[in-house]
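Look at the two complexes coming up: chain A is in both, with chain B in one and chain C in the other.
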Partner chain A sequence: MIPSVAIRRTWGPTSTFLLALGLATFLALWQLDFLGGSFSAPGGLSEFRRFFAAALRPTMTSANTGTSILPDLREALGTTVFVAFAAMGLALVVGFVFGCLASESLWERDPVVMETAVGRVAQRALLPTWLVAIRAVMAFLRSIHEIFWALLFTALFGLSLVCGILALAIPYAATLGRIYAEIIDETPRDAARAIRGAGGGRAATFLVGLLPRAAGSILSYSFYRFDCALRSSSILGFVGFTTIGLNIRTAANYDHYQEVWTYLYALFALLVATEVLSGALRRRIAAWR
Partner chain B sequence: MTGTDREAFRLEGVTKRFGDFVALSDVSLRVDRGEMIGLIGPSGAGKTTLLRILAGMLQPSEGRTLVGGHMVAKLSRLELRAVRRATGFIHQSLDLVPELRVVSNVLAGRLGFGGLWEALRLLTWPRRDDLVEVHRCLERVALTEKMYERSSKLSGGQAQRVAIARVLFQDPTAILADEPVSAVDPARARDLLEILARINAETGKTIVVSLHAIDLARRHCGRLIGMREGRIFFDRKAEEVTDAELDRLYDLGGAVT
Partner chain C sequence: MAMNPAERWQAVRSLRRDAPRDRFLQMGLLLFVGLCLGSWLFLDVDLRHPITGKSRFAVKPTFLDDAIPFDLRHRDEAGDWRLVWDTGLFWRWLGRTVAETGLDPFDLLPAEERPRSNALADTLALSVLAIVLAALMSLPLILPAAKNVALLEAFLPADRDVSRLERTLRRLAFAATRGLLVVMRSIPEFIWAFVFLIAFGPVALAGILALAIHNGGILGKLDSECVEDMDLRATRALSALGASKNSVALVGIGPRLMPQFLVYFFYRWETCVRETAILGVLAIRSIGFHIDHAFAQFQYDRAIVFILMNSLIVIGGDLVGTAVRRRIRGGGNLAA
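After this line comes the complex of A and B, so read on.
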């Protein structure tokens, strides 16, 4: 006799959504074909050729002054790294505080402590409200792109590098905060509960029982974001800050493509160096576990 | 010497429900200071729940828990922390922080005594006296050579001994251990039970340990509590427990008479 087997479909709403997403992507690509007519600008193709031909002949000599661009390059790279570092430093601290405050684990209630009326209100009503509020603040801060923050700050305070650093730090802190909170909440709480069981207080338990467990992922993600910060810092030059983007934009405006390529290669080398360094650090961190 | 001054734990009519599931039903028992008690019974009998209630980590749905004569439900947050400091717990899953070194995990045993500042200190620059004490605790479990090893690098048996060293460093008056030997081989299990029995004999700490290894429980524990389906099935001196009783305790098919 055949045993009775429950027949259930395994196709659910998530599958439908993913399929719709795939279809939408396909449609968007298909639409591109109709836009093809306006894809080229007059003389665009020859400009395109000239640009890529220059890739093989990057130059160290400025076409405007006839002098070496090396001092400019060095300064621009230095500023780019400095802005990225300063912004990341700020974002790390603020993002970490955001992340801790927005994590549910930090506020976890002790199941044995007598529930007072005030405590009950705090846990059932205030905590969810607080979590939604702080997450909304973070969502708002990062929904504004760093370029918009930069434009806003320059309009208010001019092109001081502090503005550039803040423009990067604000959305980055918000993004880091959100990811940190997620990492902390995905961290197993068993060790923390054991410390609580031995009488540990809330803050001490969080610091010793949870954060070390989350630290690897937190650091790895931060290194990854530093890579992004370098690129964002470069792009700030397009708005007028003295990072390497400014040199690229200026050289491109003069059609000095050879110089553009020198800057692009330098930026590329910088990113590769960062990747090698952060990769090595990430591997060391992974060895903790 | 009678009455409550000898009493370590007391449960009065304790029932614990998780949703519809009844983990403990109407359990009453008394544990005196200095006793070494084995908690036995099939999986799902309520042993873990009972230990967690004794440790002040779970609140019973009905009934009262008294630890050292104090009613747990009536304690303030700070008093509860004090009660918990005096009770060490060794979990089935050990609950070490694998990213930290052995020394930090042992130091974590005393986190109940300080706040955030002590916690920072533990992670960065521990006191010399504390390190000496940690070394002594690791000596008792024969693991001093691993003091500065990362805990993730330890074997199951070694991690188990670190968990015991952490409890020793905490220096509680009672130690509750939830199947501490379920993840290690029989030789390691014997060693660990001997360590616990020696602690009990030398320091007079109350020990309640849940075990699946009946022979170990009979050899090392003075009193055995058999649990089944959330109730106490028998509770008597280890030498008075008969083989027939043990058979019935673990006989899941037969009717309980």
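After this line comes the complex of A and C, so read on.
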């Protein structure tokens, strides 16, 4: 038995959102012709069947050369992992700088600054402008997907893993910066204010009073982002970099579906294992915090 | 209360000694940082071009030529392309390029006869349908994946008193749901889309399904963690009043956590807008198709315009999402 009062009280802003969402869904369906022609595989149902039948029979032998694909697989997985790590290395450093610069806490208004005229001007006029500017820069860098950065860099410099790493690092640095800034701003500022009040410098206030308490969340989010980096790194192969996506795409172009499934299963295993491992690390961070 | 340096050192040492330590975490962190720095050693990173020997970051001259807006491109006496600025021509070129995303990219008829199909609207529509489907997919998985509900801790002791068989089955179902969510979310939407495209052909449904599975897995995880952090007094009180487990879920859990669920929903929707665009690389109708196509034809001038158009809707989605999340809940921290 559901108490009717409870139901009546559930209508609120949430329900309004849901209603708006229903409308948006209808408009979206209308835009896409209600998904008309939603099944148009070139080979029809037989291709569909052939592809999923191959899922049960992944192969280790290349249909082109008759040799084992294990070396290819190993190399592709290695490249995928190392590209993700290399990009994360860059993104962590740049993202951390972004995050600190974009956080309000770093620039918090306090009596020491407000005593001078320059400080007052900086606080009232420059700070809001600065925050909007750096956040806009981050939003822009983030809004271009790593695949598009990769296409752009390939066009600029030619196809090279460096371009893939850079393409991955740029939007990731911007995303990390945004989230780091949010984390730093949600950290309680009492310790920082105490240090500032006791005469600590701005750097000490930030580095000792704020950062250590934000470190757990920052670390946790960085691990999560690595999972994402690994996924993105594998996808970069689809635009020509030598990560596992390239093997998948090539095998599919040759209609070697059994090989496609071998690569897919290997990738699934890698991604799930990473997810589980980073999940364990994140849980431990939460416990340690 | 001043300490001399030796005392201070002692105090720091004892603090450090008593601090909780986690070997697994330490090793994980060490390995993570080590690999972030050292992975370059394992990669075949060519900072010089293998043939010309020039720096990898010397911009290819052909890029600059092809990045000049087409209408402003002129050959000089030496036969090189040069940019000749003309504001009127520039705006006309920009308008024409932008208008091209309003035509069906799959049709090769001349521009006047091509059917209309707005790439930006398609991208947004795909992202909306994908996130709605993702939410619907995650809905039945949230409670079975929340430990406190799945293993009955959220109910009164009387309800928790079940047979050993049921207890085992509940544990199994909990583990299976968690496993399903891990698989759903750890496989990228792009890979899902690739698989579905081979199976279905280049249709919107393949993209929607791909985005929905991945994001459904993420929403299921975030939402079930939310349920696990919930205060259990309300659900226990309801079950004490005799409410069935379904009623408890419907009345005691759903409405209370809905704002939080919506926060995650809008957060994932923002990501969906961004990811929908790249599905165009796989020939799904979104702005990414135009971008990929322009790159493939070395029309970098157009590619840049399309990328910027895509940025506009991604940033737009970001702003809408952030505003909505802020309204629902004081802040919008995504790091949870």
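Basically, the second predicted complex is superposed on the first by the 256 of 289 C-alpha atoms of A that agree within 3 Å, B and C clash if a C-alpha of one lies under 4 Å from a C-alpha of the other, contacts with A are read in each partner's own complex, and residues count from 1 in each chain.
FYI, a residue touches a chain if its C-beta (ideal position, glycine included) is under 8 Å from a C-beta of that chain, and two chains touch if they have at least 3 such contacts.
Not measured: the values here are computed from a predicted model.
With the C-alpha superposition on chain A as described, chain C and chain B clash in the combined arrangement. A simple residue count on chain A separates chain B from chain C, and the partner touching more is C. In the superposition on chain A, A:Ile147 makes contact with chain C only, while chain B stays out of contact range. Of the two partner chains placed by superposition, only chain C is touched by A:Glu182; chain B is not. With both structures placed on the common chain, the touch criterion links A:Trp288 to chain B and to chain C.
Look at A:Gly209: by the touch rule set out above, it reaches chain B but stays clear of chain C. When the shared chain is aligned, chain B comes close enough to touch A:Arg193, but chain C does not.
By the touch criterion defined above, A:Leu159 lies against neither chain B nor chain C after alignment on the C-alpha atoms of chain A.
In the superposed model, A:Gly201 lies in contact with chain B only, and not with chain C.
In the superposed pair of complexes, A:Leu127 makes contact with neither chain B nor chain C. Clashing C-alpha atoms with chain B appear in a single stretch of chain C, chosen from 8-16, 134-142, 170-178 or 314-322: 8-16.
In the superposition on the C-alpha atoms of chain A, the part of chain A touched by chain B in one complex and by chain C in the other spans residues 288.
Partner chain B is touched in their complex by these residues of chain A: 110-114, 190-191, 193-201, 203-205, 207-209, 212-213, 215-216, 288-289.
In the complex of the two chains, the chain B residues touching chain A come out as 55-59, 72-77, 80-85, 87-89, 91, 93, 95-100, 104, 108-116, 118-120, 122-123, 150, 152, 166, 170, 172. The touching residues of chain A, counted against chain C in their complex, run 1-3, 6-7, 9-10, 13-14, 17, 21, 24-25, 27-29, 31-32, 35, 37-42, 47-48, 51-52, 78-79, 81-83, 85-86, 88-89, 92, 139-140, 142-145, 147-148, 151-152, 155-158, 160-162, 165, 179, 182-183, 186, 217, 219-223, 226-227, 231-232, 234-235, 238-239, 245, 248-249, 252, 257, 264, 267-268, 271-272, 274-277, 280-281, 284-285, 287-288.
Residue ranges of chain C in contact with chain A, taken from their complex: 20, 22, 24-25, 28-29, 32, 35-37, 39-40, 42-47, 49, 56-60, 63, 66, 118, 121-122, 124-126, 128-129, 132, 182-183, 185-188, 190-191, 194-195, 198-205, 208, 242-243, 247, 250-251, 255, 258-259, 262, 274-275, 277-278, 281-282, 288, 291-292, 295, 298, 300, 303, 307, 310-311, 314-315, 318, 324, 327-328, 331-335.
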